[in-house]
Amino acid sequence: MKELLKVKGLKTYFYTYEGVVKALEGINFDIYKGESIGLVGETGCGKSVTALSIMRLIQWPPGKIIEGEITLDGKDLLKISEEEMRNIRGAEISMIFQEPMSSLNPVFTIGSQITEAITLHQDVDKKEAEKRSLDMLNLVRMPDAEKVLKQYPHELSGGMQQRAMIAMALSCKPSLLIADEPTTALDVTVQAQILDLIRELNEEIDSSMLLITHDLGVVAQVCDRVAVMYAGYIVEIGTVKQIFKNPYHPYTKGLMYAIPKIHVETKRLEVIRGVVPNLITPPSGCRFHPRCDHAMDVCKKKAPPTVKVEDGHYVACFLHGGVK
Amino acid sequence: MKLRNYIIRRLALLIPILIGVTLLTFTISHVIPADVARHFAGGAKANPETIARIREEMHLDEPLYKQYGYYLNDLIHGDLGECYTERRPVTEAIKQYLPATAELTILAMVMAIFIGIITGVVSAVKRNSWIDHVTRLIAITGVSMPIFWLALMLQLAFAYKYPILPLDSRLGIGVVAPNHITGLYVFDSLVTGNFTALKSSIYHLILPSITLSFASLAIILRITRSSMLEIVRSDYIRTARAKGLRERTVIYKHALRNALIPTITVAGINFAYLLGGAVLTETIFNWPGMGRFAVAAVNNLDFPSVMGFTLIAAIVMVTANLIVDLLYSVLDPRVRLGD
Amino acid sequence: MNKKDIGKTLALLVMATMVFAIFSGCIGEEKEETPAPTTAAPTTEKPAGPTEVKNPDTMVRYTIGDAKNLDPADAYDTASSEVLFQVYENLVTVKGSDAVTIEPGLATDWSVSEDGLVWTFHLRKGVKFSNGSDFTADDVVYSFDRVLTMNSPESGCAWILSQFLSVGDTVKVDDYTVELHLEKSFGITLPCLVYTVGAIVDSDYVEAHGGVQADTENEFMKANPMGTGPYMLESWTRKTEIKLVKNPNYWGGWEGKHVSNVIIKIVEEPSTRILALKNGDADFADIPTANIVDVKDAPGVRMELGPSVNVTMLHIQTKSENTFMADPAVRKAMCYCFDYDATIKDIYNGYAIPLPGPIPKGFPCYESQYEYRYSLDLDKAAEILDAAGFTVNDDGYRFDGKPIAIYYNAGNEERAKMSMMLQNNLALIGVISQVMADSWPSLLGRMFGTTDWDVMYCGWAPDYIDPDNYIFSFNASADVGGDIYNTSWANARVDELLIDAKFESDLAKRCEMYREAWEIIIDDPSHIWACQPQHVHFEREWVHGYEYNPCILWSYYNYYKE
Amino acid sequence: MGFFDEWKKRNESRIKETKFTLNLFRHSFLSMLGLVLILLMILTALFAPFIATEHPNYVTLINPQGQRVTEQRWEIHFEEKLEPISSKHLFGTNDYGYDIFSMIVYGSRLSIKIALMVVVTALIIGVVLGALAGYFGGWMDEIVMRVTDIFFSIPGLILAMAFTAALGRSIEHVMYAMIIVWWPVYTRIIRAQVLKTREETYVEAARSLGTTDLKIIFKHILPNSFAPLFVQVTMDMGAVVLTAAGLSFIGLGASPGTAEWGLMISTGRAYIFQAWWYVFFPGMAIVLFVLGFNLLGDGLRDVLDPKLRR
């Protein structure tokens, strides 16, 4: 499988009053054409930062990409000019955000906001653009789309707003769609529909997808591969099957057990003890060691290297090698 | 129609306020230890008959509540009483002075809003840059200056040391005022195609309107800046960027449109400040408007005029706020008038 | 008629005078002058400034106060008269700088019977009003009767005519002859006809607009004057400007050098008036004393100095709540605490002369009060107070620190300065005073409604050229119609003297009486005679033909620019 | 000691916030500038007798109301009137021969007095009414708000003009007039804040625990209204002085000879061509004074505004 996007040694820091927040400490992963990869982890582990870094939307001040490579079809997004990057945003890579309400501009109609994106990246006249936005809305199964075109965000329900967002995101047939917790803000009944929608559309316009979520269930439902993030690192990455069958990293395991399993008898629901570390003064060595039941001395000293445990399944933990 | 009902409702709400205003001004004007009748009668030993007659005309001997009653009654019939200083109905005086003030204040307001917003956006986008600091410093200095002092200095500089601008009044010597349509010379002369008057009136407007706009400008700048700062961090701006819009579009289309909403409100409130400033500006630039009228009235305890003036000011204020609300509904689809 | 009636009439007469005198005088916003036998002498000459004349066919004057009323039958203030003298004409007038010699106006010549009861005027033929209708004897009769019937409800200026005329006394002989039938010979008939109240209006015009009603103003005439004068009112924008344009029908014709437009701009702000005069926007401008130095030597500006008969004084409430004010000693001491020289030198910048008593320089009998007068002498003041038993208490204050209340009308800087200076000097002998500025109406209320004030100010300008107009108004008691300023001061002997003086024809004798009265007045003062300000006039050097006439201040027909 | 730790622990977050705020503040150049200006003014006022080169006399007199009051009196020196800047007269002299520098120095006292008097009094009135109106609502709210509406619909300067004219010209009356004009501003702010915080859960909690209304208002609601009020008050310190100057300019306000900046300008403007220093320096004094408070207020607004902090 050919990779579409390659992230290598990406480091993003935030320089705040309290100190430097090391949000990303050199993460590596690939996204292959047509696949959808899930990025999971607790809140504040750097998922969204990864997304924004790829979009190059980290605002300075305070955020900054320190080093690394993000290559899309061979060209390094961190090297190209802002001009070029703009042409990629929304066209090549587009994004769906967590809060549909606040992510849509309250003073413009849905129609104008979608049309804007289309006219921006495809040289079509206004009428054509409007037609296409209408098609997009129909595509995302928006009830009476014509009406919605003329409506303002606040007049739509959360679900409809998110559909609109999706329509906007896909309007230019991007090769990569980044969905940042697309369903968390919605109520459960709607969540399922939106997820299905995203998956289907994705296949339909065969673009790849980076799905950011803290919900392994969602990942299982939508993704081909999973990357597990912890405190600015990708600790384990592999296919959904691999990760769910036999997670290697203690943290991944923790996450697995944290999912309630109806059909299995369990005394009580397992949880990972401790809290997400503060990224200004992160723990030495493996950032997970304070919470790890199997922590060894080495874990405290140096960060574990990423090792291949099976084909396409990598993990960063001393329990599984890397200790000389 | 919804909008009309709304406006009507708002205007209805005006009435209690205006009654309150009259009550206020009335009390002010009738607790003063001054012999108004004698003054009106012409001074020191004006003959007693005249004084008596005037006392009678002005109901000065009757209890206050009655006097107020008379006042309101006249008011309903559009009679604001007689202006002592000019010996003519207050309404007539106001009819003469209002347009001049309107022209001045409106222009000043427009300038303040226009420049204020632009500079506000710039200093927000370039937050904490030297541009930001300089613009704010200038603006804040502007709002910190006694407006009359500023006026004097400008006059000295541009009408005396480097006489490039006229000193005072609305038109040059010998320039014929345009035929009266609205009383706003700029407008009238445009409509009637009287270009000498147009040129002259614009020319005469420059210094006063700059003086007057200075204070409001700073306030508008401030609010624009802070609301811009807030908005550029919002999610929908991130979305706009994610679409690949160029920064200019993001700022001037997506951000500014939202930032305008609080700005407009402030501008509306600021109109009061402007009217106050007009009093001083007009005095110095010899601008034949309500402000000078009010000062003269106050100095001669010509309270029918003072009351008339405050009443008009109040009406202007409330209307300004109404207009703001209307603009509001235009700018912000979330605001629905009439419900 | 008997003395009592005389007293009454005089009282009324003087009251009316005050309307004008105080209204304009005390506000201090208007320089007021009416007939006075003085002449203006051009002084300082300077190198001419910019030669190119601004608006050559328009005279522009920047003035302080707006006109109040443009109906000659009811107008009684300088600003109004300035307009009326251009728009209307009277039977007789004064010319140039001579305020005394009566010259022909609408009457070409006149005569009076030996008994002085019948005045005959022969009217100028072929005179038209600016609306084209002809001027005839009817208009004269109508005008005078109108004034007397209307009886100037607003200003009271009708007294000037009513003191010798009543309705019906003006008789038409033929279209161009008019007679005045007086009940009693009246010496100053002609001078009285010179003032705007004697202006001739067009009977048809007035009849067409409201006509004449007894004791009621004519709203139309107040704003729409129309006469035989050289100029017509083009527009009157209140508090802004008055525009006059030449009257094509003017009998005097428009050959020779004249301007066809006159603009009188009302500008409160002194700095604006100064700048306007300097940059030539203004041909004439009212300049406050404090600013004379600013324009005196400006290129292209000409200054004229002349004596006036205006007086500035402080009047003292003798029945004040501060009971000690009733004691002559206290008031005398105050007279010694006032710095007369500084007032002239530093406050009026030398543009004033000393005033020994109520009678100003330029009036008959002035000399009879001239030899001695008060001067600044704090030791003497202290002495007097000690002698009177008003000694200093432990804190070093007299009157136990009770302050003397000095009021002046806000905005009048000269008076502010005089007050501060008096306060300073009083403090030096342990007398505390408070200086308070207030609006004119409030002052009126205080002056006449209460006695909780001690010192106030007033200016004065003559209504007729006679000492009586001054000294009687100030120092006769209220009972006989004097004491204009409510000082509550009364002295039987002074009343007697002043009333006798009114009707004494022998000037020498009158001066004697005034002299005696003056002795009393000075010894038991109810006024501090501050000074007699001078007349100061400014114009552009390109203006020609101006002459200061205290009676008719402005006659634009005679001015031109080049 | 132990108590202090207690306190520290309990308010840890608050202390951290304050520290943070102060730090932000220290980094905003303009705010610091403002602070410096204000401090200078206060110092001048405090040490006026040591800074000024000439000094007024003070007389104690019994005023019409029969109270003993002490008044400032400057000595007239006509021989020195309108002297230009010199080592003897740093800012020259005025038409009475007063030393302008000294007058400005002493004037700072009056300006500060006016500003404080007006703002504080208005604040107290405003807070009380606003708190009552907001907290109890109902008819009380209605009345108070209608009244503020009325005041808001009249331009402040004009209302103050009318009041002063009616009360009679004097600096005290100017203060009264301005208090009357100012209180509604604070009433509105407080009311808005109260309405906001009244619904907060912790207030609800306090109420459910039977805490008295007064206690709730003072312990929970008012402290939270601090930020916006503080900014407003700072700005108003300047605004008040400007308004007072404006009134003096029109001719209402301080009596002649008082060392009041506005009055100095308004009398000085007659001499603007002979003695520019007469209007210039008092004008500068006002500008710096007001500028100080505006800069500070502006800075505070940025710092205290939760939306703009980070």
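The first chain written gets the first letter, and so on, giving A, B, C and D; residue counts start at 1 in each chain.
Keep this in mind: a contact is a pair of C-beta atoms (placed from the backbone, for glycine too) under 8 Å apart; a residue touches a chain by one contact, two chains touch by 3 or more.
Since this is a predicted model, take the numbers as computed values, not measurements.
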| Central chain (by mean CA position) | B
| note | Higher number of C-beta pairs in contact (B-C or A-B) found for B-C
| request: Round to the nearest whole Å and give the separation of the Cα centres of subunit B and subunit C. | output: 39
| query | So, what's the distance in Å between the C-alpha centres of subunit B and subunit A? | reply | 54
| Computed distance of Cα centres, subunit D from subunit C, in Å | 46
| field | Chain centre separation (subunit A, subunit D; CA means) in Å | value | 53
| task | Hunt down the residues of subunit B that sit against at least two other chains at once, touch-wise. | result | 32-33, 152, 283, 298-299, 301
| Shared-contact residues (touching 2 or more other chains) in subunit D | 165, 168, 251-252, 269, 272
| request: Check each residue of subunit C and list the ones that touch at least two other chains. | output: 271, 410-411, 439, 442
| remark: Contacts from subunit D onto subunit C in the complex sit at residues 57, 59-64, 68, 71, 73, 75-76, 78, 81, 95-96, 165, 168-170, 251-252, 255-257, 267, 269-274
| task | Report the residues of subunit A in contact with subunit B in the complex, numbered from low to high. | result | 55, 57, 59, 85-91, 94-95, 97, 99, 102-108, 116-117, 120-121, 152, 154, 165, 168
| field | Interfacial residue positions of subunit B with respect to subunit D in the complex | value | 16-17, 20-21, 24-25, 28-29, 31-33, 133, 136-137, 140-141, 143-149, 152-153, 156, 222, 226, 229-230, 272-273, 275-277, 279-280, 283, 294-295, 298-299, 301, 306, 309-310, 313-314, 317-318
| field | subunit B partner contacts - residues on subunit D that touch it in the complex | value | 29-30, 146-147, 149-159, 161-163, 165-166, 168, 238, 242, 245-246, 249-252, 262, 265-266, 269, 272, 279, 283, 286-287, 290-291, 294-295, 298, 301-302, 305, 307-308
| query | Along subunit C, where are the residues that touch subunit D in the complex? | reply | 270-271, 274, 288, 290-291, 293-294, 342, 345-346, 395, 397, 400-403, 405, 410-411, 413, 416-417, 419-421, 423-424, 427, 432, 434-439, 442, 452
